[in-house]
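Labels run A, B, C and D following the written order; every chain starts at residue 1.
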């Protein structure tokens, strides 16, 4: 049998391109589906559209927070797979696992849009965000720990930083879940504030990284 | 006329890339649309959100089972097309046929979410899963039986194994359809349990495969 | 200024790849959105799910017909663009125009699902199918008439055949629109039957084509 | 450490391909989701489907205007990124920002479909269109001002023209927002008319451009 062709089959089977196409598709759909949960208001008796729009505020805030969450999840995925040359079975399954809580984000968003101050809604949304962070941590550790899957081996410092930018938000979201019953507003502020801190933390990590370190290209 | 260019047209016409893009898109959308069927509960008189969330359990189970079904269908598609170098007319049409029952899975999922214990709902969902298995069998047999479409010819043992991982789940789902009227719970357990058995079976097949066999790279 | 780089920009600007990605995405979403129009039945007083499922029959037929319509529109797009090496402004706009009636197909499908026997619904659905056929004719004539956009110039016979497989169904759908008020059932039968005739016609065209003719690779 | 491989990682991290795949996906989904907002009419007492269809006219107009808005936004994105060889962090984030108002267009469309003559609805829709124009201006200025991101540096004249085709429509939409309370119809006419003027303006810009100027390839 032809060794070159077997080799070609091996590379094709481990080629990440369809994993990327599928993940890009899923993220693009989630981020676009979020808008479906913003319902055109039905006007009550004598109510003007301007009044009704005010009631949409929770929906819009849930939309915005979720939009940024999904965008960051996609960017983190892109940052990781920019370093990945080959996939293996574990990585394909972990990738599906990473997409699972993300796919539930539109439901979580419409839940907090409807039950703005209800700790149960806020906790469930927080659980989803924790799950996104944990699966991001898992897939990062899995891929960066297997040099044969990578374009170039990652240095330990950059690897730890990648863990930190996954688990840091995850721990903060977990805190928000814990405090949701006593102070729902604080919990919501955390959901809105973590992406801002995340953005600043990456900015600092990039500028303080040594030349050639992977985190210089974190998004 | 230019032979090189005609050749280029031939290769472009038989190039699988758009079939993959289309199939990745369809699978990504199905897996993301599943969440639309989980409706934010409307609270009854004096009902708390916590109580209402309990009624969502059927929706969540239907979501999870369907999520895994679609993920496995996509992985099987990826495993097959990693070996496919060229498409032909039959393969393009069979690919559409493979996507047909998958596209109906969100409807089946919302049906069992609403009619949890109703054998009619469970049977219809089971029929869809049987149809996914049968079309997977068909497209596998079609493509692997045409060496000019493949990167490298597949050995008979690997080919039979590919048939087994399509028809095995199919037969089990058919059993679930048959027993649905007498024991709906058993039927549902089968829908949830088959992916687990599937995962284990592939793990065993991979580790017991001779070097270079196609099933070493099954996902 | 660097001529090579300008050349690269020229080729990138005329590269069809994003037009294909966008069109694959749109077709994949339309074909998957069709399922949203099949609503889980709400059971009436004393009604069983089995009875209620019977009322779903119009929805399922509308789903199936529309599924095949979109699949064929995608295949026709793929057949055409397999011959296209470069796009230009006209082709990009015509491509958007081709997607416009397709994007309305899910609405047309849910209209005939709800108003099964109403000529108004059947006519509107037919108008959409005529529009798909006319825009397919237009984009085919535009692209095949511009040899600098093609991988290899198309022979006049194949070009005429491509026109026939667009306008033939179009004319038949127009007939269905005309007869809808007097015989809605015949009109519906035409919507369901045209894809079958289309499939057979392409099969004949392929087998009777001279070696190297473009229609040998029509899907 | 291997310099070639580090270089490969650098290029992969700055490769625009996933940004394009994600953006194509988002635009394709938005343009297809618009149809969901056209609801199958529920017939009132003694009302015929023909009468009910008349009430759909606002929905169809909102659909058509939004369809063209999204199509033009996608074409402008394609025109820009045809010149972009590499992305950087700023460009990836600006791209997300560009998609944000676009993702809200389906909501805006269903708002003006329901509240046809209400200045509040017309203003909100106009705000979205202004936001699309402003983010388009921003991403254009950002990318074209960084020659290391481009295939070939852009000449100042073409760059100014790119700014004009973003800000021109933006200013006109802003005018429509201002006049909405006094003359809602004029405001709506502007939303429908801007794409026509845009198309003509690009046609003139292309034909009067010097050889090799970027605007010769504007879509």
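Here is the rule we use: a residue touches a chain if its C-beta (ideal position, glycine included) is under 8 Å from a C-beta of that chain, and two chains touch if they have at least 3 such contacts.
Just so we're clear, the structure is a prediction, and the values are computed from it rather than from any experiment.
With centres computed as the average of Cα coordinates, no chain lies farther from chain D than B.
Look at the contact of chain A with chain B and you find different residues on each copy: under half of the numbers used there are shared. If you average the Cα atoms of chain C and of chain D, the two centres end up 25 Å apart. Each chain gets one centre point, the mean of its Cα atoms, and the points for chain B and chain D are 36 Å apart.
Among all residues of chain C, those that touch two or more other chains are 21, 25, 28-29, 33, 36.
Taken in their complex, chain C has these residues touching chain D: 1-2, 5-6, 8-10, 12-15, 18, 21-22, 25-26, 28-30, 33, 36, 89, 92-93, 96, 99-100, 103-104, 106-107, 110-111, 114-115, 118, 120-121, 124.
Residues of chain B touching chain A in their complex: 20-21, 24-25, 27-29, 31-36, 38, 40, 48-50, 53, 63, 67, 71, 74-75, 78-79, 81-83, 151-152, 206, 212, 214, 217-219.
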